[in-house]
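Chains here go by letter, A, B, C and D, matching the order in which they are written, and residues are numbered from 1 within each.
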């Protein structure tokens, strides 16, 4: 089973980290689809649920290390929202490991690659998204 | 009267001065000797006191500077002659051949892997890794263009075959251009002092005695060991590191001045070592702990309390080596307990002095400016005009003006930009 | 000279109290009670009496390790010499070894009325002359021979070998019959009065022979003539150490050092090395002997460790520890240790004989090695 | 560009073998041709090379494209290049979408061509979905008032004002004291050159007071500052009267003051225990009575709880003053009790050596057992444990001088509230980035220099002042400020005035004005954190709208047919 992951990467640190993983040719499985946002603070709980709704198996949010945020406090807000989203998932019966928040700086290419590999393995053990692939029709 | 400006030196100071000048609409020529801009800051892993990753905060500035329509970046080039005076300088610049067409090359790196002769020391990685005859200066180089080391290249042609863009031209000629500028800003930075002259510390004799810049490359994620601190002798991670301060600094026989940044970068490097390897023991041998900048003293206090870095007030007399384990052994007089002690560690990092960059004398002669006795640029009025060299219209900023850290270099770079704009305005008015 | 003047003369006020001197000092490493840094700080903080009365200042080997490495260029070696002179004036002196026979010998040699009979070692196969361009200064070798042959050190072999080598290359060196000790130990223990007398005597004698060039086999004599005489007497003749003289001959292609199948290591004497910067000539001469293997010790050249004691004062168990350590280091490099200074040979040989056994290191002087390599043999 | 037909052009790059090597580019082009709204798709060996760029421009004209997608390397390096190419072909640069298929795909799945090609198709599909919903944006240009305000008339403020004025900009120099000069007015000599403090200051003061471009407002107080970069309107209070004017940029140079060491080492109890500034005054007025022995104590109040930082300049002030006393009375016995001497750089190290040469003695004490000052009959007595010598020392002395740190003053705290710019833990002003934006505030248009930023000596303050002048001069010389069009906009009908968004903004770009949200576009940096809290969706971030992001999510499994 090939788990599908969507990753929201902040433009300043983690997107650059993903770039560095590429520049250094660090191989990782092709399960992730990266969506660039200006800051991890931009990611709403609704995006996370919408992803699970359409059948995505895992959502990864990556941002700058605390204190490094280009917009001073965006990553702190992301932390609160991920906490809230996990509570929702718990009640929904969706396994908590399907949502991950990672701080990745622009020089941590290796970390980006290893997070993806780890996440794919986790999702394989957790199994596919119970809501099924792509059936849900939603606005 | 011309109001273009020449900036010499593409480190963080040169880049910042160019961005500020271009930001106010002036035309800037940035000349950098190395094939890529970025300077020494690009070689650092993290910066104190925030622990920011150095290239993360430098790369956006490098890109902004390189792609700015008002800035012409001339890499692998040197200033050969300057005539005229403030408001009307004629500058001869020698663009040394890269043997690669900058327009065509996309920095894809196929040629680099195609070159069979990978046996030359990689300058950027402090010779901790070898490179081929055709190479990219470093991963995040700007411009991201390869360069041929023509001296060693045997013209086997492998790279030319593989390069679809046809960018490699092994018979490229050096090119001399002349530009006409109103003011010149010098930001040629520094070199790291070679401590092999201090025989008692064994640099070059003992494998596990390295310099701070080499340490930075070892722990850098894009460095030769991918960020793993493998000590040179057995490629293993040491369990203890000793940082030795004032190696070649505050030393009448080498450099009498204090290089101002070593106490702090040693603290940062010790904290980093502790973060990556929690069981690591860190020692810093100092004479005067100089943490005078913003947030510095608090950073040192955290190093002492949170990261258990042990500060020893002593300048070691000698370093020997345990023959089997290749562990450096430090002999020192612990001035606080007044006992001569012996400390065996896994790795010694010499925090060497930072000295004016090679060729500063020739550059000063070309510019017609004077150097002071430490070979930094001579400042006529150090208090009220700290950035004016001894010649009108030529400003200096960054480490070549005197020992300082990155924020002070950036501040002086912006200051030099303002002074240049002021000089041009006054001449033009 | 008061302590304050000593501080100013030696620029001791620049001391940063960084501890690099004490960290380098071979004595401090074994003797917890001795620290060059604390000695200087006593002067800086006005503890004059305590400093002059401190026996420790006589243990210093004046080997220049601390002086060369001091980041503030404090001339600690000169500081100790001045302190000893001042201490001498206030009645303190070092603990002279061998009952003080050496220091009285030197003071006696300062007496102009003395008539020595010191050329007994010159057998007829050694050609010397009374007048000539080249003079060979033998210093205290005859006295050292008498005092130390019972520990197996024949200092006069050095003199014989040197003359044989010079004879082999066509030189009949002048060897003065009434030559005096160069006064090195008087100078370094602060007895400047007798030192001046001896300096004038020696230079007068040498001028009498018309010599243009004086060759030394002992680095202490060489340094004393080269750096300390000029303050008291003018000299119009060249000064050179035997190793430098022979090294020049190699360049001129005039000498063949024969062959010797042996691994040796070389002890840089602190006066020849750190004081005078002569490191390469002895190595050049040794390695031009075919078949020889010159292997450097861990501490060599600028970093070499001194032979444990100086000016025959304060030789104690700490000196022995240093000498033992040095011999172990030599053994790790080779079975034979080449010394280029009679005192190194004496002190290290003495340590070889000490109670606690350490493995055998053959100790041979530089000139003796060269002479035997050239087949000049060491028969008298 | 109203609801016309969406015509998308897709350009897939080979990048030599870097993409082509592990992605079947022709197959992706074939696939892209059939995606909704795609009217043209092609591949290029190097899209970023000249021929690639010309291919894009031609295709825009030929196929009347109103959306362009380039699938190649990373936007971080090449987006500006492709955006300007679209602009040159007359297409609004916000109608361009960048899909990263090299660093995020071909280079990281080199051995899995099949997986990489599938992933590329999906990434292109997500790009098409987002491109469909892109809207043209105009980058806001804000005119900048051709003048600047400098708060603080010390050496930093004076230098900044002079440099800006010499470049032809009007400067309002606001000083709360009656005269300019700040701290340097009551200093005696300056290190390392030894110049007389007041004399060396006169030329700068004269240049500022005489400059026709500079209006000096002395003995006045800042009452209020409103507005944003390019349009700050300032209200001053001068002798009870209000003065207001508009300025484009502001430089904060409010300086600092000496820490009052009450309760330290008998200060205030014994009269011969003074601070360095008081000593400087005595030297200046020639009233220092002949003292045979002086003891100076460093780090008084600093590196401890009250003040946790090292105040950088007090070691050099102490050394300079000690040398001045030695000049007056060569036999004076001076001891400086210190922690670590901060004689950094070249000149200060030289001065430190010279002081020791003059016989000034330095004793290192341990912070754990600091010196203690008591009165012994007429004379002061200082007891100190010399850590390096390992003995207790008793120093009888005529004078004890305490070196105390510089600290923020109340005036500075008020200015920080007025300008809504932050103070650091050390209470000095907190710059945007300690390493690379040392003289900027996070808020655009406001700059910082001198001891308001932190302890600094004259040369450092002057360098910072020039740097701040450079920062402040840029918007003025350009005349306008351009903001990337990723700021937020609000649909006032949908806004219920809950105000959740206001606290989200670290740049105070949002304001609740009688129940309705007001956005100061110039201050919005486009992070989008506020949009994420808006319960009703009234707030939207240009170019990163919710529907655009959600379309990408939805298109991961199959094309989105709007």
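Points to keep in mind about this one:
Operating definition for what follows: contacts are C-beta pairs under 8 Å (C-beta built on N, C-alpha and C of every residue); 3 or more make two chains touch, one makes a residue touch a chain.
Here the structure is a predicted model, which is why all the values come from computation and not from measurement.
Under the touch definition stated at the top, chain C and chain D share these contacting partners: B. When chain centres are defined as mean Cα coordinates, A lies farthest from chain C. Each of A-D and B-C has its own count of C-beta contacts, and the greater count is at A-D.
Among the chains in view, B has its Cα centre nearest the centre of the complete protein Cα set.
Taking each chain's centre as the mean of its C-alpha atoms, chain A lies 76 Å from chain C. Averaged C-alpha coordinates put the centre of chain A at 31 Å from the centre of chain D.
Rounded to whole angstrom units, the spacing between the C-alpha centres of chain B and chain C is 46. In whole angstrom, the spacing between the mean C-alpha positions of chain B and chain D is 23. For chain A, residues touching at least two other chains, in rising order: 16, 20, 23.
For chain B, residues touching at least two other chains, in rising order: 50, 52, 250, 288, 313, 335, 338. Residue positions of chain C touching 2 or more other chains: 14, 17, 37-38, 72. Chain pairs that touch one another, listed by label: A-B, A-D, B-C, B-D, C-D. Per the touch definition, chain D reaches chain C in the complex via residues 353, 356-357, 359, 361, 364, 386, 388-389, 393. On chain B, the positions that touch chain A within their shared complex are 45, 50, 52-56, 59-60, 139-140, 220-222, 226-227.
Of all residues in chain B, those touching chain C in their complex are 199-200, 246, 250-253, 287-288, 313-318, 320, 331-335, 338-340.
Chain contact summary for the complex, chain D toward chain B: residues 15-18, 45-46, 48-50, 76-77, 80-81, 159, 163, 166-168, 190, 192-193, 195, 200, 203-204, 303, 308-310, 312, 340-350, 353, 364, 366, 387-388, 390, 424-426, 428, 433-439, 453-455, 458-460, 462-471, 473-474, 477-478. Chain D contributes residues 74-76, 100, 102-105, 107-112, 115-116, 118-119, 122-123, 126, 442, 486, 504, 506, 525-529, 531-533, 541, 544, 546, 549-550, 552-554, 556-558 to its touches with chain A in the complex.
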